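In structure tokens below, several structures.
Presented sequentially are two complexes of chain A, the first with chain B as partner and the second with chain C.
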Partner chain A sequence: MKNKIKLGLLIALIASGSMFSANAQDANDILKKMDAVMYSPKDMTGKNKIILIDKTGKEEVREATIQQKGNNKRMFRFTSPSSQAGIAVLSLPDDVMYLYLPAFGKERRIATSAKNQNFAGTDFSYDDMESKPFAEKYTPKFVKVEGDVFVLELTPIGKSEYSKVIVGVNKTNYYPVSTEIYDKGNNKIKQAKYTFKKVGNYWNAEEIEMTDLKKNHKTKMQMSEIKYDSGLSDDDFTVRKLKQ
Partner chain B sequence: MEKIAKSIIKFRWLIVTTVLLLTIFFGYQMKNISINSDIFSSLPDSDPAASLYKQIGEEFGGNNMGLIVLETNNVFDKEVLEHIRQITDTLKYIQGVSTVTSLTNIIDIKSTEEGIEVGKLVDEYNLPQTQEELDSLKKYIFSKDLYKGSIVSEDGTSTVIVFTLFQDVDNKSVANEIRTKILTLNLPETTHFGGMPMMLDDISNLILSDIIWLIPIVFIIIALVLFLSFRSLKGVLLPLMNTAIAIIWTLGILVMAGYELTIISNIIPVVLLAVGSAYTIHVLNSISLNKLVDRKQALISALTYIIIPVILASVTTAIGFLSFVFGSYLTMIKDFGIFTAIGTVIALILSIFFVPALISAFSMYSKTIKTDQQEKESVLSRVILKPLVNLLFKHPKYIFITWVVFIALSIGGTFLIKISVNIADYFKKDNETRISEDILQQKFGGSAPIFVLFEGDMQSPEVLETMIKTEKFMKEDQFISFTQSVADLVEQMNDAMGEGKKIPDERAKIEQLWFLLDGQDIMPQIVSDNLDRGIIQSRYGSSKSADINKYLERMNGFIQQNSTEECKITLTGMTSVYMKINDSLVNSLFSSLTIAVIMVILIVGVILKSISKGVYAAVPIIATIFLLFGCMGVFGIPLDIATVLVGSIVLGIGVDYSIHVITGFNFFMKVNNNDVASAIEKTILSSGKAVIINVLSVAAGFLVLIFSQLVPLQNFGILIAICMIGSGTGALTLLPVILILVNRKRKIIAK
Partner chain C sequence: MKHLYKFLILIVLLSSFNLVKAQDESKLNISGDLLTDQRFLLNTDNDWAWNENRLTLKFDKKITSSSKFYSEIWLRNMGLPSAAHMSDLYNKGIIDPYNLEIRELYIQMYGFLFDNLDVTIGRQRIVWGTADKLNPTDNLNPLDLEDILDFGRRRGSDAINLNYYFNSDFSLQAVYIPFFQPANLPVGIFANALFPEMELPNGMTLKGFSDTLLTPGYNLAESSTAALKFKGFVRGVDFSLSYVWGYDGLPYSSRNVLIPIDMAGGIKINSQLSFIRTHIFGVDMATSIAGIGFWAEAALFMPEKDVIMVNDLSAIYGMPVTIDSLLIDKGKPYLKFIIGGDYNFADGSYFNLQYMHGFIHERGNEELNDYFFMRYEKKFFSEKLRFAPVGGGFIVTDWSDLKNNYALAYIPEIGYKATDDAEIIVSAAIFDGKGDNLFAQLKDYSMFMFKLKYSF
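And now, the complex of A and B:
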């Protein structure tokens, strides 16, 4: 009887302890689950609307179709404005990227040795656009639970222009809700807000809003007409396809 | 006048208390005093060159540009590169810094076998390490005009890190933070700081230390001269106290009116010390010369006599200062004019009201009354004034001719005057900032930003072609070592697409090349958001007016030929603004001098009821001004924002001597039945002393500026001192000689 009470207490303690300290969940675990949510579809196609908002509030809209296979093959094809229609960017594994400019009728490989460069006028750097799992890029540390969000502090593995990234992860569904990016001077330089929505079996980032705090410039990436697992093949991600 | 004098004595306690309270009040205001060393904030907004320069600064962020030079044996060394990266990062994270461009983060468009790369010259996270990598970087950099001589010196021993500040930041504190943070990195290479924000920070510091060091020295020197002249404590204390109060009031009003101290207005205290003490000296002199035994009555009578000449003297001085308000282009010179004029009037009011009130309130009358005999036997009279009078009457023509020769020589010297508006010239040669500027000029094409603005469709092939053509034309100037514009980038991108280094002939191609340029850090610095304006950025490597003039002329010719409706070209930059200031200095010199001369002649003429006497009074001072410009030409003292002030200031102060001489002459003519000879003798013997003391104290006061750390202020001090001696001598020699010579032809009669 006495022992049972002790055991009960112990269980209660452990249970309550795990409630307070999500460390039991382990920061690594949370991050891996987040990666899983973000990168679980085999492939994806959809429409992408990029809205650039400058500090005066002026908006500029670009539209593109997007195809993605796994987390390392992606084709971006701009459809508007007309001056950029047809421009396509193909990303392949190992930082190989190709650009196609229809006005020249030529493709060129783009080297991005400096991945902190912004992608095509947006506030996303090539680094931010990369679909590489977070767990491979960062070492997480658990910070706190805030409402229904786990807050993790991520420290880059290897060289990066960031000193840390604070990410908020939805507690029940493990999709990211926000990121705050700090430079080496420990100034918050960028922040992103994510809106996720369930499409079929997967969680989809319906909108990502990235703000460059230094430039006071914002980019919204909105996804629509999403289709998952439609059976894209590697042939859909070739230079030949790029030029079509 | 007597009425005023009596009321002053009657209300002495009221006056003393009021002055005391006001002084405490204004002194309290002075705690909010601040320094603004930015000459560019002094450019009037109405001026097109200045407003375009400011506007470009706001739109493209390029005009508030600072530079750090890193000097070593060889820049292409892995440690040096690491240090460049450290400096770049440090700057990037300082609040207020808008952009940083250095070897480790500059944009680079490479076209390789593999394809195209728009990125950085080196990967800052993976800097070249091996000798091979370093050598290939060196080879690459020296193969590109964009880098050679603009970011790495041609000899490969130094590199420059260029940064710009946001327009609305506190320049001084950011510059200070930059200097401190970079110095605490403790790098083994030599670092030099240059560019406008750094220079302005330095100037502010120098202004502050000048104020702290120089003003007490001026006080001591003037006190010494006063003591030697009056040999009484009262003679030292009263003038000094009076001017100190005038300075406190003036600065208090300046702060309350929302003004800041500038590189020029920091000499207001020195000017007021030198000028303001004169009025008290004349009042004291008049009191001590009065021989009535009833000292209270003597005070009233002395005041009655002196009020008019002192008012005249100060009003003419104030006019000299006020002439800047109408004649000048830089607002800081206008402000200087307004506040020195206010200070002069305050000093006048104090010397008429406060000094006598104080004397009578505290019964500070002289114990002894000097007799005529004692006066005549003073050293000054015996050694200088007496022989002077003899000389004047013996050789009036020779004296006159001597002056004419001097003036003729001076007019010749005038043609040698140089103008200097380059801020680097304001520092002494051994000043760290000056050294930095010299290095920047020798190795990196200077620190003076220049811009060519293009208004038109920035994606049209024609506009971009015109930009390229303009850049080629600019680079023919030996002082322009590099240029940068969006057209360059488009050309390089086109090359990378395999179509050759030229602007594509189709707009569609340009639009698509833009896709890769969009979002690059450099873009907002060279092209406007809505693509209707773009600039060529460059720096100009000479600060010589002749070079700048030639450059501006060439450019203006080019612009006239190439600017069209579709592509409007405008030139601006530091050089254009410098030339504008340059021209404005000459203009303001002439207009302020003309205004001052006319006003002085009129005022003296009206009060003495004779325009011809007004003209006589103006002759010595006009002669002095010729002398001034002659000296500037012969001794190579340039016309700059401080020396441009000398003419009108000298006119205002120097004419006082002539006024004292001519009013004295008028007075003694009346007393002595129009006997010119005896009137002149008496005038020189009585006014001569005050004039000489005043010349000495003013000259000594201004000469202290020799110890200033800013070159224009040094020159300013020397020139004023020379002019004081010139105008004093003129009043005591040229003016009497003119009176003697005129009288020989046509009897002068006092009215």
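And now, the complex of A and C:
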């Protein structure tokens, strides 16, 4: 009898171990597939409309152009409003970032601590704007399936202001549909909703709506005039270009 | 020399050809801002210290995919009406002072002649240095000291500016400025802030003063400034090495003739001022370590010849008597430097600290003072409200007698963005100190400041 119980426990342990392993494997695969959907284009250019909505519903609009190559080179340049037009941010690998302020006439290296800050008054931090694959930033854990969505819990691998991120991934096309961001005290501080649309061969985040739950403030980022794989080179992501 | 002229003409012709060819490729963008800057003293009468109403117009046109035109013009109502005589009332310039200033006006061509060469021709601001606003290596444009609280402001220079990019990490910049332009000095209550009071021998009283400014001759050899900068990025560090063959834009007193005008020791001084050709070797760097931004910048100033001031007392003694003072020994170059850092906190606040040795107007090893500048600010309400409770500087002119040789400038500030285009800035500048230094001389001029800027 005792032996039967031991065997039963052993089988149960092996089974639960395999389940855990399968889920972890699934979570890794799902996250990698999501990264592949988000970062598969070689390069991208487009226009970005940023709508800031305060708790009374009042809206402010900012516009920018965006260029991106791979997942670690990005140029973001404001075109309106007038007070911000010309301000540009160049993000390069290894957390190297430059800010160009036309009023100063020169580029300025940004301290990496700026990644914690909100980007240009939006509810996105520089960190949120980073195009580094999720699989490189987080360790995923499978949570559940909810309708058409896989739900994963992501734990930051390196230093982060967040304790975890809950991400919802579309089961069919593997693009993210939502994220919930938790601070170190495990309080949900921000949430994002994604609207994806296929442009050519790629899925494009047509709109991302980020809500800061503490401030009750929302930012909608809408992409338009998207062009993929137009042949941007590394020379398009240099300080020389930043200043032009 | 003829070849140089031909080359310059060729460049101008080529650029104008490009301009005409591509006139319709892009529209002319006009933007700018309207600024009012009002300051009054915190003394009993609250005298008005500053009145500036400025319209900044920026014209920007992308001519082709590889060239652009840019211009920035200031139209200003500056200062206060200064009518003192009936005749002044006929002069609108006195009653309602205004001026027009072309700050920048240039054409920029990318990939000009060679793919990796960018050329900028015309009036331009060429900003060098990695430090925050206070840059010892930034010496190409003339200092604009009009507003002493606007540290680091310089005017544009008419220049040819070439940037050759070896690759994305390394570049070489060459600048040629044909005409020397001196610094313009502070105005209004700041007029004497940069210059110490004149010391006279015992028993003498200054009753009159005149001066003659000797500017370099306007020819290629005398009036030109030339500069080179090598810039690079290695292992996460931005750096540059630079050299400027230029002028110190602030004049030195080279000869003072003292003339007695009465029997009670009253004298008149005729002073001769001149500008000194200077070699400036610069180095700077910037990086980010553990989230903290670091920068350092140094410039070694080597006057081409000894800077000597001759005091001519011949008229007093009735025989040739001159006293020479060596102001700067060309064999003893002086080093100005700055180191600093900044950090962005998770709560959205920002801290910036800089230590500088040698302010913009200080020359010679003995004259360089130590400055500490600090700023802490935090933004609220989605960055609409910016509050900087800590801002300003601390100066030490003599570490061995600190209590009598220091100055403090406390400049807290609140900025509010009423709309995306309109910002109101309210601040104060409180000065205190002892001894002979910049901010201590301003201690009677603590002020309240109000600015409103509307961008369009």
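The rule is short, and it goes like this: the second predicted complex is superposed on the first by the 218 of 244 C-alpha atoms of A that agree within 3 Å, B and C clash if a C-alpha of one lies under 4 Å from a C-alpha of the other, contacts with A are read in each partner's own complex, and residues count from 1 in each chain.
Criterion: a residue touches a chain if its C-beta (ideal position, glycine included) is under 8 Å from a C-beta of that chain, and two chains touch if they have at least 3 such contacts.
Note that the coordinates shown come from a computational prediction; the quantities given were computed from them, not determined experimentally.
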- Task: Mind checking the superposed model to see whether chain B and chain C fit together on chain A or clash?
- Result: clash
- Message: Once chain A of both complexes is superposed, is A:238 in touch with chain B (first), chain C (second), both, or neither?
- Response: second
- Partner chain in contact with A:68 - chain B first, chain C second, else both or neither: neither
- Which partner does A:117 contact after superposing on A: first (chain B), second (chain C), both, neither? both
- Is A:91 touching the first partner chain B, the second partner chain C, both, or neither of them? neither
- Which of chain B and chain C A:185 touches, first, second, both or neither: first
- Message: Touch test for A:48: chain B only (first), chain C only (second), both, or neither?
- Response: neither
- Message: Looking at A:105 after the superposition, I want to know if it touches chain B, chain C, both of them or none. Which is it: first, second, both, neither?
- Response: second
- First (chain B), second (chain C), both or neither touched by A:161: both
- Query: Of the two partner chains, chain B (first) and chain C (second), which one does A:204 touch, if any: first, second, both, or neither?
  - Reply: neither
- Task: Tell me which region of chain B runs into chain C after superposition, given the options 130-138, 202-210 or 454-462.
- Result: 454-462
- Residues on chain A in contact with chain B in one complex and with chain C in the other? 54, 83-84, 104, 106, 108-114, 117-118, 120-121, 161
- Query: Where on chain B is chain A touching in the complex?
  - Reply: 89, 92-93, 110, 112, 114-120, 123-126, 496-499, 506, 508-509, 511-513, 515-516, 518-520, 529
- Note on the structure: chain A residues touching chain B in their complex are 54, 58, 83-84, 87, 98-99, 101-104, 106, 108-114, 117-122, 159-161, 183-185, 187
- Item | Contact footprint of chain C on chain A as seen in their complex | 52, 54, 60, 62, 81-85, 94-96, 104-106, 108-118, 120-121, 161, 215, 217, 234-235, 237-238, 240, 244
- Sites on chain C touched by chain A in the complex: 31-33, 68, 108, 110, 118, 125, 127-128, 130, 163, 165, 168, 171, 236, 238, 286-288, 291-293, 295, 341-346, 348, 382-384, 417, 419-421, 423, 455-456
